[in-house]
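Structures incoming, each one as structure tokens.
Two complexes come next, and they have one chain in common, chain A, joined by chain B in the first and chain C in the second.
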Partner chain A sequence: MSYSLIYSQVTGHIPYLLAGAWLTLQLAAISFVVGWVIGLFNATILSYGPRGARWFVQGYVTFFINTPLLVQVFFIFFVLPEAGILLSPYAAVAIGMSLNAGAYLTEIQRAGFASLRRAEIDAATAMGFSLPQMVWYVIVPHIAKALYPPLANQFIIQVMTTSIAAIFAVEELTGRAYNVNSLTFRSLEVFSITAVIYIALTLVCSLALALIGRWLFRVQAKVI
Partner chain B sequence: MTDRRRLFVGGAAAAAAGAALVTPTAASARPLEDVLRSQELRVGVNPTLPPRALFNERNQIDGFEPELAAAIAQKLGVRLALQAVGSPDRIPMVASGRIDFVMGAMSRTSERAKIIDYTVPVHSENYGILSVAGRGLTTLEALNRPEVTLAQVRGTTAIPYIARVIPRAQVLLLDNYPDRNRAIAQGRAQASFDGVDAVRFALRPFNQVQWDVTAVPEFGVTYSGLGVAKNNHSLRNWLNIALYELHNDGTIERLWEKWFDGPMLTKVPHSPFF
Partner chain C sequence: MWAQITEEAPRFFGYWNLMFLGEALVNTLLLSWLGATIGFAFGFLFAICRHPRLFGVLPLRILATTYVELFRRIPFLVKLMCVFFAFQLSGAQVSLFTMALVTVVLSAAAFAAEIARAGLESIPAPQWDAAEAMNFGRWRVLWTIVLPQSWRVVLPPLFGYTVGFIKSTSIASQIGVMELTYAAKILNTRGFSALLCFGTILLLYFLICWPTKHVGERLERRLATRPVRQGMP
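Our next item is the complex of A and B:
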């Protein structure tokens, strides 16, 4: 291949790329937290709610799981303005990613609720636990252990998914990589550095999530 | 195998895969004689830049550049194979010999010429301001205010100029020109400073909006050539001669007028000396 890798022409842009990585992390965190709250609310309805509400939630989940995130954000970014709703690029992407994550996190948390055994609740009741005690000492530890690994995986997926934000004018890591690439034409160098930053980002997130899981919920997630 | 050993082996495999991705392989750009021997000219075009290249109603790649590539292939006496390329993959595609040259508004800049060789210019690129009519956004001074948002296409030549000359304006970087035009029409941005050669074609879907298109000669004119792999002299020399002939017999201007709804705004001065 008549192409020489010259990283020195790109390394000057690394701080610019790292600032994009910080935005990537923010976007992933916001969409995950909002999606988690949506998912918790929906999973509660699916597990214990009235039939009408369950249908509504199931419709939401079916819609968002069966359409691409790109199409969903495109709708929010370009179709809503036709109805007079003009959101900033960051808000449009954050809302789209949150709604999308909410659908997946609904299913994850519903499965967690379903894993709760009736016998554990009966045992706690027989031992005279109050409802808050039952939630804190019986329900949360059980559900947390079941849910923590898939929730952590979903967060990593959120980090990767932020790359679609570049299409909608959000200058996260991938968007900035495209900018540097167009300036220097050093595609291999730019995107290999970007890949390394993504790997570092997800490894750090995995490590942090594993430590949080051990500390908060005593989940035996592998740190390394 | 212990967990630690498995982790080590997995890490080593990932590192090897990564190294394979970023290490040049044996594939290389094809010189002229290889193109002739294979009886096929492989050309990269970017179909997200209409009317330079686009997918037509039969979902085939069409446009100014595919037709020009066909004329070049005809001169060479080989068949044409078009390859759709995007911004990040176009240079590796040329360098690895997957395509023989790349088209797609390859504006010549000294920075880019460190990576790729250019032929003589194919066409000029003229710059100006695109805005909704009646808002007075027809000068660079009018754009240079924080309340003005410019919708631009990511990776285009105008971006560094905007950063230097219109630094107070907000910039919204979008993925393609239809999205750029839609953003301005919807009020997400007020204007754009970019090439104006293709606006007549690009604004057709937005005919309910009254547009102002104002030329900005201060920017100067840039020229686009064909992008050839570094040091592929035999192919580049032949392409220069072919382009001279295609300029001289009016083919390039005729194709331009067909696809851009009018003559090239700045004629390319073609010379028999390269």
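Our next item is the complex of A and C:
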């Protein structure tokens, strides 16, 4: 026990780490948006689709929720090349995270579909809305308001799960922390600073999302 | 591709490989279940520390709240790296498994504290008042009145989080803990096709996560149908 923490060697790399945090946010946003679209599509099928499609979607959701994201990305990254599809690490992680988020967002949004009032759907049908129109003009606004807190929460989870991209050498926050670690060998310092950046990043995201929610829907979302 | 796999499959599912995967599976289960159990115990402690009726000590409450709020915001991988290097630099002779276990415990405690807090808060205040009026000490209220009622609120989500920790332990492969993901990586490096290696462990993960989640969901339904007795009217 003769180790002393020296932060001065690492502090110079903080701007580099923060630039990685930007990529983290980007990856989280991409996977969240793609996952949200997948989730909306799946939730529509689960509520209004034919039985075969429902089973397929249910299988997808159950499988992706009950297996680790890391192994899913490993699978995409190492198995698809065997089938002749070569993906960059960034693409593999983005696809894996989107599919994974899609499963969780299906679960969340299905609850939103279930909370729709029967009268709203009847009214939409009476006005001759097709299913896509009804989803877009009636259900999505309802879901956006009613499900804002869990959706925002899912985004925060996405921000944290992007850290596994580091394992595939994507240079987001954790990936850059690995880089700085191999440059300076101040491992504990590097990773404790990274942890603090993650805390700050998710706090800023929570705050921003809560403010956006208040401004958009007058949702009284908890700030922290 | 398929021809290669059908050729490899009998070798892949040979005795030694299966023993190897079995050992890895046991390690994954131990890591997640043991870690989650110890972590949940700590989580309860934190929740008790944070409860205004139980602990009047403000610094302790602030400390517990800070821990819970901060540790839920650090990704598992970063936490793992911090624990790993902290152990390494302290010079303690600790196995990789223990390091991963400590990380699971640290995360589980933070998450369980929130669940336990919800459980404790699900007991209406009049029950506390009534018990205090009957000259019950606060620990006796906790043990005989609050805990027996709050476990219904607490138990189902704990299963959901346990599934989360089973999945998180796959990240422990990064420091070289012999669990399922690491085993698959080793088999893959030995030359077996990635589809077989990662496909098999995906299936194994599914086989341990799905029943756990299912038990949690069933418990949730069963416990929800019974009316929870409310406080004094």
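Just so it is clear, the second predicted complex is superposed on the first by the 196 of 224 C-alpha atoms of A that agree within 3 Å, B and C clash if a C-alpha of one lies under 4 Å from a C-alpha of the other, contacts with A are read in each partner's own complex, and residues count from 1 in each chain.
Convention: a residue touches a chain if its C-beta (ideal position, glycine included) is under 8 Å from a C-beta of that chain, and two chains touch if they have at least 3 such contacts.
Values in this document were obtained by computation on a predicted structure and should not be read as measured data.
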On chain A, do chain B and chain C fit together or clash when superposed? clash
Figure out whether A:Asn42 sits in contact with chain B (first) or chain C (second), or with both, or with neither. neither
Contact-wise, after the overlay, does A:Tyr198 reach chain B, chain C, both or neither (first, second, both, neither)? second
Contact-wise, after the overlay, does A:Pro89 reach chain B, chain C, both or neither (first, second, both, neither)? first
Tell me the contact category for A:Thr62 with respect to chain B and chain C: first, second, both or neither. second
Looking at the overlay, does A:Gln109 come into contact with chain B only (first), chain C only (second), both, or neither? neither
Considering only the touch criterion stated at the top, classify A:Thr161 as touching first (chain B), second (chain C), both, or neither. second
Touching A:Thr184 in the superposition: chain B (first), chain C (second), both, neither? first
After lining up the shared chain so the two structures overlap, which partner does A:Phe78 touch, if you call chain B first and chain C second: first, second, both or neither? both
Does the superposition put A:Glu171 against chain B (first), chain C (second), both, or neither? first
List the residues of chain A that touch chain B in one complex and chain C in the other. 1-3, 78, 82, 166-167, 177, 187-188, 191-192, 195, 224
Seen from chain A, its contact residues with chain B in the complex are 1-5, 9, 78, 81-82, 86, 89, 166-169, 171, 175, 177-179, 181-188, 190-192, 195, 222, 224
Across the complex, what residues on chain A touch chain C? 1-3, 62-63, 65-72, 74-75, 78-79, 82-83, 156, 160-164, 166-167, 174, 177, 187-188, 191-192, 194-195, 198-199, 202-203, 224
Interface residues, chain C side, partner chain A - complex: 1, 69-70, 73-79, 81-82, 85-86, 88-91, 163, 166-171, 173-174, 180-181, 184-185, 188, 193-195, 198-199, 201-202, 205-206, 209-210, 213
Residues of chain B touching chain A in their complex? 3, 7, 18, 21-29, 87-92, 95-97, 111-112, 114-116, 154-156, 159-160, 172-175, 179, 182, 186-188, 229-232
